[in-house]
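The same chain A turns up in both complexes below, where it pairs with chain B and then with chain C.
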Partner chain A sequence: MDFLLDDLDADGALREAGENAGISRATFLGGTIAGAVAAFAIAPTAEAAGNNDVAVLNFALVLEYMQSSFYTEAERSKALRGKAEDAAKRVGAVERAHVKAFQDLLGRKAIKRPMFNFRGTTEAQRPFLKTAVAFEDLAVAAYKGQAPRLRAKPVLAAAVAIHSVEARHAAWMRYLFGVQPAVNAFDDASPKAEVQRVVGATGFIVTRPRTTSRRRPRYTG
Partner chain B sequence: MPVQVPPEDATRAEVFRRAIVSGGAIVGGAVAWGLPQLTAAASKEQDARVLNLVLALEYTEEAFYAEALKRGGLRRALRDYAEIVLEHEKAHVAFLKQALGAAAEPAPRFDFGDKTQDGEAFAAAALTLEDLAVATYNGQAVNLTPASLKAAARIVSVEGRHAAWIRSIVGDVPATDATDPAVKEDETRQKLSDFGWKAG
Partner chain C sequence: MTRRTAASAAGLGVVAGCAVAGLGGLLLAGDDSQATPRHAVLPASPRPALTVPPPTGLGDGARVAVWTSVLRSTTARARPSGDARPVARLARRTPEGTANIVLVSGRASDARRRVWVRVRLPALPNGTSGWVPRRALGAYQTSRTHLVVDRRALTATLLRDGQPVFHADVGIGRARWPTPRGRFYVRNRLTRYRSPAYGPLAFGTSARSERLTDWPAGGFVGIHGTDQPGLLPGRVSHGCIRMRNGDIVRLSRLIKAGTPLTIR
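Up next, the complex of A and B:
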């Protein structure tokens, strides 16, 4: 679970990325994200391509913020039991690692974490699992839609390495919820607008703190 | 359970085949997708090579699940899993064969040894094979044209779901790492050979 970014040797990674101008051996051997960070840092690509990838990565970062906040809040609520509790802990750690990776990748260009209100779904077993299934299936579809738009190869390699992990999470949460983990032979991509519509419809992202609620405040962030 | 290739997929496969095999008008659409200089290594010839590699994987999965269902004495959750996943792998084989057209390599023979003899051996082999599928697709992503990448991405996540599903059934942690590994063609070919792939 330890992320390679923590002990990233920036100079070494940069040199390697430069030498290979693509996917280095280190990238294949689990340094996927580190390789992407290096490639991004040297930004050898056209400004337009860089901006394109920044937009895609920031879009992914919002989804990772949402997932990591969701699992972290669920873990802290102490309302989950058994395998769901264990899954929230493990998946939460991975989603937090994804957030950190994208933040490091984007540096100053990383957008800030929005505020969330998960409306009670982190405080009971069944609503938690149902929401987790929805989040993970959505993440799979979103990455699938965005990955082919990435232009820097190491960034693409990182995105696909995360995409399949989200698919594993989706199957895991589906199994715990009691629905078939893999329904179709092909998973469909969701375009950005569709993902944004679905996220917007949840009401989980709140634009300002609610000061008029009669309910006790939820965890945020 | 919608497990056959739906008409929509058949159409996509056909579009895809024309794009990669005969280099038809569809290629224009693929080029419009991304900056050509950054996907310089990708080409329709390379797409065909990569698709034959993943077809080899899908052939192996299809044959493995079919044999396990015949001789493995699988019961309950394992049988349900194998039956559903077999249909997925059949659909993947059909899709890739259609995409490759005449360039598709034929199915080889297999000798899975004792991997299909009982539920325990089957489960251990299945999760190895599904992990290999994910790592292979992930390793090839950067070699594909955008059009082919979009198609491959629709399959790889299903393989990832299978890998997590079989782990759930046997009580393993379904996903431990933040990123999935990627393997290169040589390693995939070697591991398929170790798994039971026999030429011709």
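Up next, the complex of A and C:
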């Protein structure tokens, strides 16, 4: 199944991020990061309840959370320059709008935003662009994979409308990174399990640090 | 125009004419009225289920503080370089067993393109900052609140997005154990302990007493409740910031770890 990862992560940005974080190649390819699994866990539950479209939308929402958090963090880091900085601001604003739209549509059924540790990829020009290309390509492939599963046509119409925006983002980031914006005559879709595995393998989805305790204070009083 | 090209052009014209006629025939075929083309009766596209709002910028500027946790013990250095002078050692855990968090104030890359992060340190002298490798730190989180303690007015004011949302009287350190002045942050929150002197809950901060350096666990300044509310407001503590229990409970609903703290 390695080819799928390589297809989605053609430049190795996600893998590199995982390896930089101390995740071995074996672990990375195995995709055993518990946080990612937890983040996606709500979708199958909704699916089992018969709400197929809610499950698909929540799956898309996790990807939108990841993208919006990535670009927002990049903008806040103030580490980018020139066209990359401008692209991060513009694309980040769009991804945040996507998140808002999904949240409004799903209401209380919306999955909560996971916590992301992008491990420095938002804080330097080259790693940022490399990861952005991988994210956008992944999102495009994921939307394509899920669109045929949607039952309600208005939801499908919305997914297609967002899919084309993600494709523009992918081309934009590829251009900025210096790789061909459009290579294939036919783009393959990516099934959910593979997208989950790729996202999980990055180690970008993490658990929240514990900042509360029941210990007796020893402050100066 | 040569005879050959003229013939080609004429041929193309015929083909184009047939194509238009054929398209017209397709559009009109089967329509009783012969006046309405078929495309006009195709069902309308469904309205998308989502309403995507217009993209908007962050617009939060300096009012958002960024903090992170220490993932692995590391040394904070004076410059973003592994060769730079050590400033302080950062552990993964606080003395209370919670994640050790730091406030982020800058970034840089070294000659080997490794990212370094400048952080505000929970170390003496108060106000110390240092550079740590990005890989030693966890996820970035943000805080939109900022707690300001005024030592002269003996008050605490919480700002959210720059606007005051909480105000209370406080007790601070006596003259011989002054509450330190400076820019700090809330490190953790302790609850359900059995110690009436600290009230129902306590926040740990990155501020440290400059006098009580041998105090257990490092002499950190806390913000907490009290079993002696009658002493507030006043200069009554060993350096901690005391509030009435009702106030500290109210404050606890408004702030989390990572909130910047200014003591002036």
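One rule holds for everything that comes next: the second predicted complex is superposed on the first by the 159 of 221 C-alpha atoms of A that agree within 3 Å, B and C clash if a C-alpha of one lies under 4 Å from a C-alpha of the other, contacts with A are read in each partner's own complex, and residues count from 1 in each chain.
Assume a residue touches a chain if its C-beta (ideal position, glycine included) is under 8 Å from a C-beta of that chain, and two chains touch if they have at least 3 such contacts.
Nothing here was measured: the structure is a model prediction, and the numbers come from that model.
Look at A:M115: by the touch rule set out above, it reaches chain C but stays clear of chain B. When the shared chain is aligned, chain C comes close enough to touch A:R76, but chain B does not. Legend: residue contacts after superposition of the two complexes on their common chain; A:K89 is shown touching chain C, with no touch to chain B. Of the two partner chains, chain C is the only one that A:F102 touches; chain B does not reach it. In the superposed pair of complexes, A:A152 makes contact with chain B and with chain C alike. Using the contact criterion defined above for the overlaid structures, shared-chain residue A:E123 touches chain C, although it does not reach chain B.
Applying the stated contact rule after C-alpha superposition, one finds that A:A161 touches each of chain B and chain C.
Within the superposed three-chain model, A:W172 lies in touch with chain B and out of touch with chain C [touch as defined at top]. Residues common to the contacts of chain A with chain B and with chain C across the two structures: 22, 90, 94, 97-98, 101, 152-153, 156-158, 161-162.
If you check the complex, the residues on chain A that touch chain C are 20-22, 72-73, 75-79, 89-90, 92-94, 96-98, 100-102, 104-105, 115-120, 123-124, 126, 152-158, 161-162, 206, 208-221. Residues 45-58, 64, 66, 69, 95-99, 101, 107, 109, 113, 115, 117, 134-135, 138-142, 173, 177, 187-195, 197-198, 202, 204, 209, 212, 215-217, 219-222, 224, 237-240, 256-258 of chain C touch chain A in their complex. Chain contact summary for the complex, chain B toward chain A: residues 1-5, 9, 33-35, 38-39, 41, 84-85, 87-88, 91-92, 95, 134, 137-139, 141-142, 146, 149-150, 153-165, 168-169, 173-184.
Within the complex, the chain A residues that touch chain B are 1, 3, 22-23, 28-30, 32-33, 45-46, 48-49, 90-91, 94, 97-98, 101, 140, 144, 147-149, 151-153, 156-158, 160-172, 174-176, 180-189.
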